[in-house]
Every structure is written in C-alpha cells, then in structure tokens.
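Since the structure comes first, as structure tokens, the remarks are kept for the end.
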Amino acid sequence: MLKQYRATLTFIAIVVFLISVGYAWLGPVRATSAVLSGLTLAALYFLLGAGLSLIFGLMDVLNFAHGIIFMIGAYIGYSLFGNPRLFTNTLPLILMVVAGALVGVYIGRPLRAWEARRRQLPADAPPLRIILSRIAPSVLLALLAVGLLFWGTRGFPLNRLIAFEPTATGGAVPTAQAQEPLSHMAVRLVGMMVAGLLLGPVLVREKRLEARGPFWKTLVVSLILSAVAAIVLWTRDPAERFMLGLSVDVRFVLALLAGAATGALLGVFIETVFIRSFYGRPVTQLVLTLGLMFIGVELVRAIWGKEGRPPMAVPSLFAESCRSPNLIAWLSERCSSIDVLGRAFPTYRLFIILIGLVILIGVWILLRYTRLGMIVRAGVQDSAMVEALGINVRRVFTLVFALGSALAALGGVVAAPFVGVYPDMGGAFQLQAFIAVVIGGMGSYIGTAVGAIILGLARAFGDVLVTGGIPLPWTEQVLRASPAIARASTVLIMAIVLLVRPAGIFGQKE
Amino acid sequence: MGNILEVRDIHTFIGQFHILQGVSLEAAEGTITAILGRNGAGKTTTLKSILGLTPPRNGKVVFAGQEIQGRPAYEIAAMGIGYVPENRAIFTNLTVAENLKIAERKRGDLDRKANFIFGLFPDLKRLYRLPGGHLSGGQQQMLAIARALVPDNQLLLIDEPSEGLAPIIIQELMEAIRQLSERVTVLLVEQNFQMASRLAKNYVIIDDGRSVRSGAMEDLLRQPEIIRRYLGATI
Amino acid sequence: MKTLITRLPLALGKWKWELAVLAVLVLFPFAAGLTIGKPDALPPEVRGLERLARLTETGPAKFWQGMVIQMLILAVFAISYDLLLGYTGLLSFGHAMFYGTGGYVIGILLKHFHWPWWAALGMVVLVAVLQSLIFGTLSLRVRGVYLAMVTLAFAEFFYILSEAGDFRQYTGADDGLHGIYVHPAISPTDYRLRFYFLTLAFFVVAYLAARRLVNSPTGRVMVAIRENEQRAAMLGYNTFTYKLVALIAAGLLASLAGCFNAVYNLGVTPAVLGVGTTIDVLAMTIVGGVGTMTGPVLGAAIVHLLGYWLNRLFGPIWTLLFGAAFVLIVVFLPYGIVGTVRARSFQWRTGWRRWMQLLGLRRETPVR
C-alpha cells in the first residue's frame, strides 16, 4: 500500500518541505507570494514539459528543439499582437512555398519511377557515376530551389517590417515605407512557388515525404493556398488597420491561437521531415533536434534581432493600474495586481497559473477518456503492439508531436506578457523544463506536472533567497547573488535527483 | 476449403542478420496450423514477417487472395489478422476494458463480441475494471487472446501461449483456443509439443530460418525420428 | 642501435600518412610566407633565414597561419569528443563545458592572479580531472537520451555562471574575458610562428596520446562498451570505471584545447561554453567520421573552413546557414567522410579499375 503511493507521498513531502522552509525563512507574507510566483513558473514549465514528456514517452524522441517551438510561438504571438504587417507580408511567401512543394511532391513520383526504370548501375561502377546518379539530381534541384529562395527573398525589407514600434532599434518605420509595392511582392510570390515546385521532388527523392491521395485533391489545396496568399497580400493594408483596430483582448486570443497553430505546424514539419525516417536511431534524432535548436535561435536572431522585446501588453482584464482587495473585486475592477496578505501580486500571473491548470486537466481528460488518449497511453508502453492491432501509430506520433508542440508554443505566447521575448528564452525555459521532467520522471504525464511544481517552487524560493541575501552562519555577512545563480542552481537539484532516483519520482525503472 | 494464408519463400533480415532464409507455409481456412521448431529457429520472426512488423525482403505473403508483403503492419492487421505476441504484450497501465476497447476497428465491435469473448474467458468479465498489470500471467494471456478476438479477424497469429503458465491454466487455454478455432483460422507457435499436437490439424517445422517440413499433424505423430531431430521432443 | 636502424623503414612505412601530414604542416607557414606573404612589408636589410621566418608573419600568410592554428586546436577538441562519442558510445551534449572551462581557468589565472604559465596549466589539468570526475559520477548514472539531456544541463550550468554578473570582476560576464596576459616570447600576435609550432607540438602529442589510448586494452573495452554495454559488463568489466576513464581523458584533452584557444584569442567569451560550441564539435566529428582517429582532424579543418567561407559570403546570417549545413550533414552523411570512404573503399577501388580499363589505361584484369 505504501509502496503504491510512494511517488505521491514523495511529492507531497517535498512540496511540504519546500513550503515550510520558505515560510520559516521568509514569513507568511513573502512566502505566499513566492509560492504564487513558483506556481506561475510551474505552469510555464509544465506547458513546455508536457509535450517533451509525451513525445519522449510515446516515440522515445527527446526533442531538443522543443524550447525553440516555445520561443517561436512567443515571437509569432507577440508579432501578430503588435505588428500584423509582418504577417501580411511574409505569410503569403511561406504559403506559396508550401503550395509549390505540395504540387512538386507529385512531380517527384513519376521522376522516381522513371529513375527506377532506368538501368541500375552495378555496385562496382565507377565511383563518380554512382555518386552522380545517386545524389546529383537531388543536389541540383535543391541548389536551384535554394537559389530561387535566395533570389526571391533578396532585398526583402524584413528589417523595416520588424521596425514597427518606436522601441525598435533605429525607430519605427511607417507601414507605407516598410512594405514593398504589390508588383514586387507578386514577383516574389512566383519565385517562391517555383522554389517550392523544385523542392517537392527533392523531398520525395530523399524519402522525406510521400505523395498520397489523388493529384487533383492536392492541386485544389495548393490552389486554395495560393489564393489565400494572394488575398492576404492584396488586403494587407485594410487587414492591418482591422487587426490594430481590434480590442486588446481579441488580439490576445488571436495571438494565442496563432502561436499554438504555428507550434502545431512546426511540430508536424519537424516530425515528418527530420524525425520520421530515423525512428530506431536515437543518436541521429538527438543530434538532429540539437541542430534544429541551434538553427531556431539563429533564425529568431536573424529575423527579430539579437535584442529581446519588452513584455507584451496584457488583456484588459489585467490592465488597470490599481490593486484589488480580492478576486471578486478584481473581476469588476480589472486591476493589474491583487492583494495577497497585504502584498501586491500581478493578476496576469494568476491567469498563467489558470491556463496551466486548464491545460493540465484538459490533456489529462484527453489521455484518460478518449480513444486517442487510450492509444497514446498504450503506445507509451508498446507502440509496435498498438500497430499490430491495426492502428496507424505513425499518424498518432505526428499528432502527438503536433499537440506537444502546440502546447509549448501556447506556453510561449502566455509567457510573452510576463517575461517578454528574447532569443535565449527557448534555451532557458527548455533547460528548466528538462529538469522538471527529470525530477518527475520522463514519459510520465503526472510526473511532469509534479516536477514542474517542485521546480517552480524551488526556483521562486531560490530567487527570493538569492537576491534577498542568505545570511552566512557565524558571520555578519550576507551572501547576495543575481537570479542567474538561482537559475543555475536548479541544475544541482537535478543532480541530487539523479543520484537518489535516476528515473525520477514517477518514472518507471529503466 | 482453401488457404486463407500462403507464405512463399520469405527472407527476412534483422539488421544485418539473415534470420529467415526461405520460409513457406500455408494455413487452411478454419484450422489450426502449428509452427514448430527449436528456440531461435525463426518462428516468432515468421509471425512478425507475416504481419509486417519485420517486413520480409523477398518472397510473397498472400492473405485472403491479396499480396500483403511490404505493406505497413497496421494495414495488414486491419485486413483481418489478429496478433497475440509472446510474453502476452498486454497494456499493463490500461484496464482490461481499455485493453479490449483499443482493439476495436469499428464502433461497437466489443459489444457484439462480448458474449463470445466472455463465454470463452469468464474471468475477464470479473476483472473488467482492473488495470492489466494486476492480472495473473494466465489471465493476461487470456486477455491478449481476447483482445485479438474483438475485431472481425479471419486469422489469429498466436505466439507461445503456454509459456510460463501452470499446467491447469494451459488446459483451460487449450480448450479456449480449440473453441475459438471454430470461428477463426489460427497459426500457432508453440514450444509445448504436447499441446500443439493435440490442437493443430497441420504443422510446419522451421529449422535455422527455413521451413523444412510440413503436412498433417497425424502424419508427424507417426514419425518420432523427425520430432526428435527437429524438436528434440518425444511424444 | 642496429635494431633501430633496421626497424626505422618499417616504422616509417607504418606512419607514412601521419608523417606526410606532419611534413605538410611543418612546411605550411614557410610555403605560405613565400607565396602569399608580403615581402614589401619587411625592411630590405633582413636576409636569409630570418627573412623567411619574418615573411611568414606578413599579410595573408599570417592570417592563414592563424587559421591552421585554430584548426589544430579544434582538431584536438574534436578528437577528444570522438573518444566519447565514437569510441565509447557516449552521446554527451556538454563537451563545450570542458573547452570553455579550460579557457576560463587559464585566462583568469593568467590575467587576474598572474600565475606563471606552468602553474596555470597545471591548474587547468587539475580542474579538468576534477570536473570530469564530478560530472562523470553524476551523469554516467544514466544512459542514452538521459545522458544527452543531463550533460546539456551541466554545460548550461557553466554557461549561466559565465554570463552571470556576480563574477564580473573575474569572468567579464557577458562581455567575456579579454586581455589575457601571455608571455611575449610566444605571443600569438607578435610571434605567431612560434605559437604555430607550439600548437602543432600540442596537436601531435594529443593525437598520439589519444591513439595510444584507443589502441590500448582500455580502449578496446571502451569499444566493447559502445557495441554492447551489457555484454561488456557481463565479461566482468566495470563499465562505469571505463566510461569514467574515457570521460576524464576526453575532458582533459578538451580543457587543454580550450586553453590554447583562449591563449590564441587572448580571451574567452561565454559563447565558448554555449550550445554552439557543442554543435561545432559534433559537426566536426560527424563530418569527418565518428569512431575514427583521422576523421575528427579532417572534420575540424573542413568545418572551420566552411564557417569561414560562409561568414565571408553571407555575413551575419552565416551561423544560420552553418546550422542548416549541420542538419543536412547529419541527414545525408551519417558516417562521415572517413567512415563512408572506408565502407566504400573496396567498391570504389574495383570501380576505379573498371573505369581505367574502359579508358584503356589499364590492361591487366584486376586481382581477385
């Protein structure tokens, strides 16, 4: 009996320990706000860690690019919220590449068939000919495509488009000057489409993608995408005015949705192009996702600049600069902070905790009571057996990858009004999420939540202690440090957990 | 009756290892066919190759008149092949009910088959809400077989059902397999020759990755030297 | 003496490739000085050997000498990483930690504490061994993906510390540590040729040491662990100890390489401890060929040149392109150059013979 609840008891013991030490040290007032701060962090760690843990549990893939998705979600949400012209000008280009690639995939099929029909080279043919026939067509097509991508985006005024707010370095650029004329953009669209057309066959030839279903369906989808691209571009000025005319609340919700959707798409992209063909080769997958992590940071730096941005504006419910005495008063007063035992606590952070809680319960219900959840839970244990039951487990993999990535990106958007956006945020939050997941136990959903709570509390208390100063025993001196030290010291927590219980609190033994 | 399954000269590689080097067999509709052979002869790989979990590199697998080799495992299974792997790979963190429900291919599969399944394995009804991990070895084996019976399968691949079970439970299982074989064709891998010989109508012997002999079980029983040579067993 | 003379040709034959490369490396600065050096920069009264030596430090010759110095340092770093990934099968994402710590330790000791170089170097060795011992005992308790994650976390720990404002007076925080004092006799700016040969000597010693290790009985156990850790354990080897040995050796080499890097650049920045450095070393090892001695060396040269050209051609976005190149390499060249060549060499040799026959350049039928 005791053994069965060991994990739960451990969790409760740690939390009680953390909180009681905190209260003894800081007194009830400061400790309570520290607990709330800790839960805020825990909610964000959870949003990031849940996907990490689910993906690892189901597919044995540790996605080092997960923090990047969190960050890109944050940047996308942030930009849509405050700088819609960035989207109206870049989205059509991206859509055209996709539209082109979709059709291109069908060009790849006859190409591959034609290649297969040609005489096979003997294994001992001259090396040059083997290399040429094997990779030359792909390399040639890819080079052409990449060249077109470069040509099509040459001189694209990304910097001007980004410089929307006066806070941008060099000041704001008015939309009329930031955007290129439509005729220019139309040429770019064509270039992007052709580049996509060339990329499609490469992806098929290198077995990254497979053409499925009848051609006309894909053609229709491709045409729809192109039409959307054209419409978005055509209506970019009214669209920007419309978007900026919307209330902060609506824009915030749109930012959340856009962030999550981007995350899901990125997840699908990463899974299908990079992960899928390497199942069973974990080292390659790890190295690949590490590479993607690196690319992600550099991409964000290249697009949005090395400097971070200040926190995003909060929805109106958290915007009035006043302090409400209690939750009910807050709902009518819409204050930015609320009174907690005589200390002000930002209401937006309560909202973050709420989002974390809602997602925690929502995903738990999904896992517990739906067929998809049942398949995921079974797949965590034995995905080959799930496949042997006649279930397309690979599709479930992609779906879970998309779901986990969407959660991370959502977390990023939620975090943007709290911490702002900056190119290191992905790595910083991912590190903490890793540690949370290690504490809780990789692959365990409840474990992730538990690990996030423990780590969030530890971080919050650590921040207060480290920045407030730790009185050194037997001396008059006080040890003071920056929050960076608290951030680094969580690695020590992970070290302790690894020494005591390598599989984590809720993890199964290796 | 015709053959629901025909395997023609399949070769399977696992990594660089050439595990199956020419296995052919057939399963006549409505019968039990036993795959016999020593440990490591390639019996389990044969089942996995049929199902596409370890796809064969050469050769043909024909199921219900269609060539299925090279298709993804989930497509093959969905055509009507149920798989009961060795070590009864049930999902221990799912309840018995969920273990059965997950095998549904159409809504209501389980409800339609409930009487048949619980008729075969009355225990499962009693344990319906329990996590699979709490079941005993025999019960887990029954659950694994029951799971394969939930959808409308035409063929069951059963791997070593008697492994590690008490004799009395083996008896029970044998009876269940005999009963269910009236509804579906069974391809049975079994180390326990006693059990296999009593259940199966036909046999295939696999040795060193090759199918070396096949025929009617009653003929095999008259050839003790073959049994000794390939199976190391006596009648 | 006699045995030495009779054995010499044999030894020369065995080491012919290494010796050839060494000869090229020794002659390189002079060749560069004579071809791309700027003779006009030297006063005409400098003559003879001195002129030759001074010529190597003019114009592009000096620059390319510096490139090779960096390649040699990176080659040692990559070899040390290959000891882990290629020979022991440990996927560590925290190797930048050793490289950066080595740099910071020597930098701080030389700049702020004015230690003599030999004491500072000794301290680097001590710190590296201690660090790999602690790091190893903690992280080697887990395997596979856990190891990757844990090692990354440890490296991040040091990265955060190097960036933290608390130690600004020593580390320079996010600006990095600059102006390391180096004895003028080996200054990489004033006497680059001397520093070049110092680095070359370091590289040769490191290469031989690593080679010695992987060819020793310990090295064979390391390979056994890579192939199948359980089996190695069943044969009675304490796999933990052997993994720890591999980690200490790798950590030590990487720290020393980091030392040289810091001294050459006269500074260290937090970026040296960052993920980018780990990506670099992974790229070098994978491009060259995992599990080979020559691969990482080749990889270091290629990756360094690639980075240089990307930077020249594309400017600031070169890091992005470098990342893309890295991913493409992992996808399309998983066994690296040396690995692919080895796997294909027989095929290619027979292919080459056929080709020659077709062209009529070779008449006899190939043996076998």
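A few points about this structure:
Chains: A, B and C, in written order; residue numbering restarts at 1 for each.
Definition applied: a contact is a pair of C-beta atoms (placed from the backbone, for glycine too) under 8 Å apart; a residue touches a chain by one contact, two chains touch by 3 or more.
This one's a predicted model, so the numbers in the text were calculated from it and none came from an experiment.
Relative to the centroid of all protein Cα atoms, the closest per-chain Cα centroid is that of A.
Per-pair counts of C-beta contacts peak for the chains A-C.
Here the CA centre of chain A is 44 Å from the CA centre of chain B. Separating the CA-averaged centres of chain B and chain C is a span of 55 Å. Centroids built from CA atoms put chain C at 34 Å from chain A.
If you check the complex, the residues on chain B that touch chain A are 51, 53, 72-75, 77-78, 83, 85, 89, 91-94, 98, 101-103, 105, 147, 151. Listed in rising order, the residues of chain C touching chain A in the complex are 91, 93, 138-139, 141-146, 148-150, 152-154, 156-157, 160-161, 163-166, 275-276, 278-279, 282, 286, 316-317, 319-320, 323-324, 326-327, 330-332, 334, 344, 347-348, 350-352, 354-355. If you check the complex, the residues on chain A that touch chain B are 371, 374-375, 377-378, 380-382, 384-394. Listed in rising order, the residues of chain A touching chain C in the complex are 56, 60, 62, 64, 123-128, 130, 135, 206, 274, 282-284, 286-288, 290-295, 298-299, 301-302, 427, 431, 434-435, 438, 442, 481-482, 484-485, 487-488, 491-492, 494-495, 498-499, 502, 510.
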